[in-house]
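First subunit A sits with subunit B, and in the next complex the same chain sits with subunit C.
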Partner chain A sequence: MLNRISTLFADAKDLNALRIENNEMIIEIAYISSLCDESKVSDFILVPFQKEQQPFDLILERNPQFQLVHDPAMWTHIILRGFVLLSVKGKIYSLDTARIIRNETPLTQVETAILGPQLALSEDLVDSINIIRSRYPSPDLGIEEKTVGSMSQTRLMMLYDNRHVDPNVLSEARLKLQSIRIDFLNATGQLERKLNGKRSLLPTMMITERPDRIVNCLQRGKVILLMQGSMFAIVLPATFYEFMHAVDDDYDSFWMTRMLILLRYIAVILTITMPALYIAVVSYNPELFRVQLAFSIAGSRSAVPYPSFVEVFIMLFMIESLIEASLRLPKYIGSTATTVGGLILGQAAQQAGLVSSIMIIVTSVVAISNFVVPVNNMSIAIRFVKYPLIIPAIFFGITGVTVGIFALVCYMTHLRSFGKPYIRIFGPIKAHAGDIGQVREE
Partner chain B sequence: MKHKPSIVALILALLAAALSGCGFKDIDKRFFVVAIGIDRPADNPKNYLVTLKLAVPSPKIEPGAAKAQIESVEAPTIAEAVRLIKSYVDKELDFGHCKIYMLGDSLAQQGYTDAINWVSRRRDIQNVAYLAIGKPDARTIIQSNPPAERYPGNTLFLQFGKDGTESSYIISTYIFDFVRRVGEHGLDPVLPIMRKEKEEYIITRVALLDKEKAVAALTPSETEIFNQISHHMTKSTVTANVNGEIMVLSVNKITSRYKIVKEADGSHMLRMTIKISGIFEEAPMGVYSADWAKLEAAFNKQYEFEANSLLKKIQQAGVDPLGFGLRYRATHKGSEQTWKRWQTIYPQLKFDVTAKITIEGTGISD
Partner chain C sequence: MNRYFYYNVVLGTMLNLMLFIPHILVKYRYTGAISSMAVAVVIGTVLSYTFTYVIQTFPGKGMPEILYLFLPRAVVIPTLLFMAAMWFIASSIALIGYAVLINRFFNPDTSAMIVLALLCLVCIYAATRSSLSVMFMMEMGLIINTPLILFILMKSVRSENMSWDAIRTVANYWQQMPQLAPVAAASYLFTGYINFAIYNRLTPPNFRLRYRWIVPVFGTVFMLISFFVPIGFHGTETVVHYIYLWSVTSDALIMNYGFIERVIFVFLILYLNLTLIYTTSGWHQAMEFVKSCFPANKPDVDQRKVPLSNWIITSVFGVLTLLHLYFFNEKESFQFASGWLILRLFVESITVIGLFILCVRWRRASS
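Up next, the complex of A and B:
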């Protein structure tokens, strides 16, 4: 066995291939020391083998942790996942001794809630499932394991509640996972993009780190995808409304949370339409303003040399670079840079007559209301949606914006998330079009 | 064809570029017209004298900071005059915020048809703009600059609109309503008359118009009663002289209803009931313990008399701004004959006004 393994692997210092013997027999073991917990190797193999209290082959047969490996083609795969391979009397066994470096009891950082649980998922599958299972003590919880990525061999876990899950969703999810072709899978977002289709404008799956959200979704019959090495889970299928829903909405005061939900929808509409509407109203239909506002905009714009859309592009470029910069900069300078940059740039741009004072307000409304969306992957998708709307606004004014919004609504209603309509308030269920009704709400 | 969808998209985009409507013009490249005056010049009554008040926007909005540019041009038609003014100014004229269309007094007397034709045909003229008559002519009114104005035209907007002052002497008329009244059998238009005193505007009277020109003007007190009957204007007063003491009632609620009935002798009678309730605003001390029923009777009598004479004055002018004819047409079998019959009935119509004034209180004192 050892000869074969040494031919399978490149010359690696951490590959331990040993032959050891006691009075009774000779065994061969092979493992990668950096992937394994060496104390486990010693406790389970080396010590019992040397003590000889029991015949070692008997231990192997009786302890279920040692598993018989029939297929030599699996050897590299097994060793690379942190298992020890043993060869005893011509039989090959494997033992899980993997040691995985991960973040210990991580706290929620992306999707925070004030009164909700503060614990986030772990980067290790087993820990994540531990967190979920302890919150979802149900015998109906089904867990399937998949592997995706021809090189990375990333392990995925598919969790669902066996009683509530829609079998069509489940089989579609299985099919889609099988059809993924990718070399390396590093992050949940990558997987989401693969499942969603490359050019999708809006996400049809939620990415979350919150165990409480996951448990809620499980209970409502959704499928959860966990990935080894990522503390985020994918929830599918998802509707547009769920992206607007923060977990806090279930924990805080009823009336305030209803108002916050309303506020989020208004914010999303504003962040999408404000730049386009600014161009349309300022350059085509100024009669839409109240007369006071029209005069003050006209007054503040009179120093601006460029047409309104150039002004909008200047400001949007500025705000997007600020957001991007604050993301890329190291944490400690990040906030300072954006505050200073935002304040000084905005003030100076207006005083220099590059943009009007109303445009500064428009820009900040667009930027702030964008971050009101509770689910991060939706927030980023929405950040882009305003740009396609600007183009019809430049050429056709308010009519263009209306048509653009209409097209966006058409696109959203056309979207399906694993057979479920993405945005539907009412309307018939059409089975022939792959629409199988909303996931049960219970 | 592999690129079929992209070619289709490209063609659509090119076609769409040909569709662009009113051109791309930034707000600072537009001149907002805030008021238009249309006159017949005295020396050349065939022509129109069009006066535009153009707002000069400033980023600061302060009392007295309003700056406006006035342009006047004389031309055979209004459209020509406006076209001519375009070559006087540096920016594109925009009528989107023009809320006041003022007809000169002489124009209204001679016939307003052409002016209304122009106003109602242009698509960039807002239908919710106000129409008014300027006295002695529209130009004088448009030219005046109220000293405390925050931005150009604000005083005009506030006087006509319900945002600012709500006076029982101001009856504001929207263009859409005016055009409707011009076209409707049995309902005639009215327009407020605006005068200028120093640099202020005063609106206290209303002009009665037939389908072509102005025919009469009401006095301020008649205007108030007209406003009470037609618009149920509650921010108004009712005055009565009881035993030499003048008493004023501030109105809380007005309802008015009328019926056109045929008398036994074949003549027609309009029975109108006006119910008004209010609180004393001016009364002698001790009115609380006075007999209110007697006071109410005195109020009723005087109000009935005033309303009756107002209705008669309107009838004698040969116009029908309260829409009695429309009511008659609506409640009688519809044909051309109905309208013709009403035209014979109206000049002989008798009025019977019953006022029911209720005194609700004596105010805070007493």
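Up next, the complex of A and C:
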């Protein structure tokens, strides 16, 4: 066995391939020292083997942690997962000694809630499932393991509640997972993009790090995908409304949270339509607004020498690069960039007559309302949606904006998240009345 | 589930303004419009009750499937093509009317052709979606637009500038005999139910339609508003001078608070949405009728991959609509629309009664 393994891992310096013997027998063990917990190796193998209190092959047979490996083709795979391979009297056993470096007791950072659990998922699958299971003490919790990625062999766990889950969703999720063709899977977002289809405008799956959200979703019959090496989980299927819903909405005062939900919808509408509406109102239909407002917009634009869409592009370029820069910069310089860019440049650009002061307000409204969306992957998707709307606004004014929004609504209503409609009125469905489109002719 | 039926009804009723119906009614204001409206209420109610009886007998089956059950292919295919034409023409009239309206009020510098091309493009995209998606789209669109439209209507009814005297004057002509053209026009307000000729494919097996009284009640209220309010605003004589009667009427209103002062812009944006939804729905149904002619076609209400045939059929619709605007002017379009409305009344009555007879025979045979 050793010869074969040393040829397979010819250049790997961290491979430990040993042949040890005691009075009774000779065994061969092989493992990658950097992937394994050496203390486990010595506790389970080296010490009992040398102490000889029991015959070692008996230990192997009795301890269920040692598993018999039949297929030599699996050897590399097993070793690379952090297992130890043992060869005893012609039989090959494996033992899990993996040591995974992960963030210890991680706190929520992306999706924070004030009065909610502060613990986030872990980057290690076992820890994450521990967190979820301890919050969801139900024997109905089903867990399936999959592997995705021809090179990375990333382990995925699919969690669902047996009693509540929709079998169609489950089978479609399995099918989609099987059909993924990718070499390396590094992040949950990558998996989401692969599941979502090629060029999707809006996400149809939620990415979250919050165990309370996951538990809620499990209880409502959703499927959770966890990935080794990522502290984010995918929740599917998802509707548009769920992206607008923060976990706090269930924890805080009733009326305030309802108002916040309303505010989020208004913010999303504003961030999508404001740039397009600005172009439409300034260049095509100033008569839309009441006279005083139209005058003040025109007055603030009087120094600007080019058409409104150039102005919009300049400001959107600036604000997007600001956001991008503050994301990429090290944390300590980040705040400087925003101050310089946001305050000073904005003020100066307006005074220099490059952009109107109304446009500065529009830009900041667009930028701020964008970040009101609680789920990050939706927030980023919505950041893009305003650009396609600008184009009809440039050519058709307010008509173009309306038509563009209509097209967006059409796109959204045609989206399905694992066979479930993405946006519609989800009322209670009476069993005797049935639901629309419930029966599909085969 | 019931609500999806009433979305169609409400949409059809609210869209009558785009199909020149108030103008046609107002033209006959001294010569029988009011009695025609009364007749139309009766006709519309009877037809809608009959039709809903039919669709409840065949839940999950669209009109093509029902026809194929009883009639030979050679009869069904021409009928279906004719139906497709009816649906296509209805929505295209609305769309062309709207393109001209936009050209007049929003973008006077752009040609109506280009605006219509934009509207056609969007409708082609939207109509190719699956029936279920079109239904959801209608739902979202109406949920967003209807409250605002009702707000504008309430505002107009309660406006101080309305002359109730003019309304009473016109109302005094109620003894005149009804005439065909206004009856056809007014009965259009009750015709939203006919969309279930295709959308009935979506109904669940034990589908029972409730609250059917909404159809006549909503239709009647809306009909009275859309006929009398413009008369109240413009007076008994001037009212007939406007083709886009309601656009001008809404321009008589102002909103004192808020960003937007002239109601007409809100009104036009809302009706643009409604027209797009209506056209999408109409083209989608026409497309489904055409597709049902092919023997290989299997209706799938929630098709995720849009087939190429959808694109081809709706693109033909789009091109035909553009050609219509190119060859006919506004006046001819208006003539065309009023002629179509009369034809529609007969076609619809024959269809509904024919289906009803088939349905009754089927019930007798099966019991």
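What we mean here is this: the second predicted complex is superposed on the first by the 425 of 442 C-alpha atoms of A that agree within 3 Å, B and C clash if a C-alpha of one lies under 4 Å from a C-alpha of the other, contacts with A are read in each partner's own complex, and residues count from 1 in each chain.
Basically, contacts are C-beta pairs under 8 Å (C-beta built on N, C-alpha and C of every residue); 3 or more make two chains touch, one makes a residue touch a chain.
Just so it is clear, the structure is predicted and the values come from calculations on it, not from any experiment.
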Which of subunit B and subunit C A:I390 touches, first, second, both or neither: neither
Touching partner for A:E287 - first (subunit B), second (subunit C), both, neither: both
First (subunit B), second (subunit C), both or neither touched by A:I297: first
Which of subunit B and subunit C A:S308 touches, first, second, both or neither: first
First (subunit B), second (subunit C), both or neither touched by A:L202: neither
Dominant contact partner of subunit A by residue count, subunit C or subunit B: C
Partner chain in contact with A:S357 - subunit B first, subunit C second, else both or neither: first
Contacts of A:T399 with subunit B and subunit C, given as first, second, both or neither: both
Shared subunit A surface residues [contacts with subunit B and with subunit C]: 284-285, 287, 291, 396-397, 399
Subunit A to subunit C touching residues, read off their complex: 284-285, 287-291, 293, 392, 396-400, 402-403, 406-407, 409-410, 412-414, 416, 421, 423-425, 429, 432-441
Touching residues (chain side subunit B, partner subunit A) in the complex: 16-17, 19-22, 24-28, 30, 32, 34, 55, 57-61, 94, 96-97, 99, 124, 126, 151-154, 157
Contacting residues of subunit A [partner subunit B, same complex]: 282-287, 291-292, 294-302, 304, 307-308, 357, 394-397, 399
Of subunit C, residues touching subunit A in the complex: 1-4, 60, 102, 106-107, 110, 115, 118-119, 122, 125-126, 129-137, 139-141, 143, 201-208, 258-262, 265, 269, 272-273, 276-277, 280, 298-302, 304
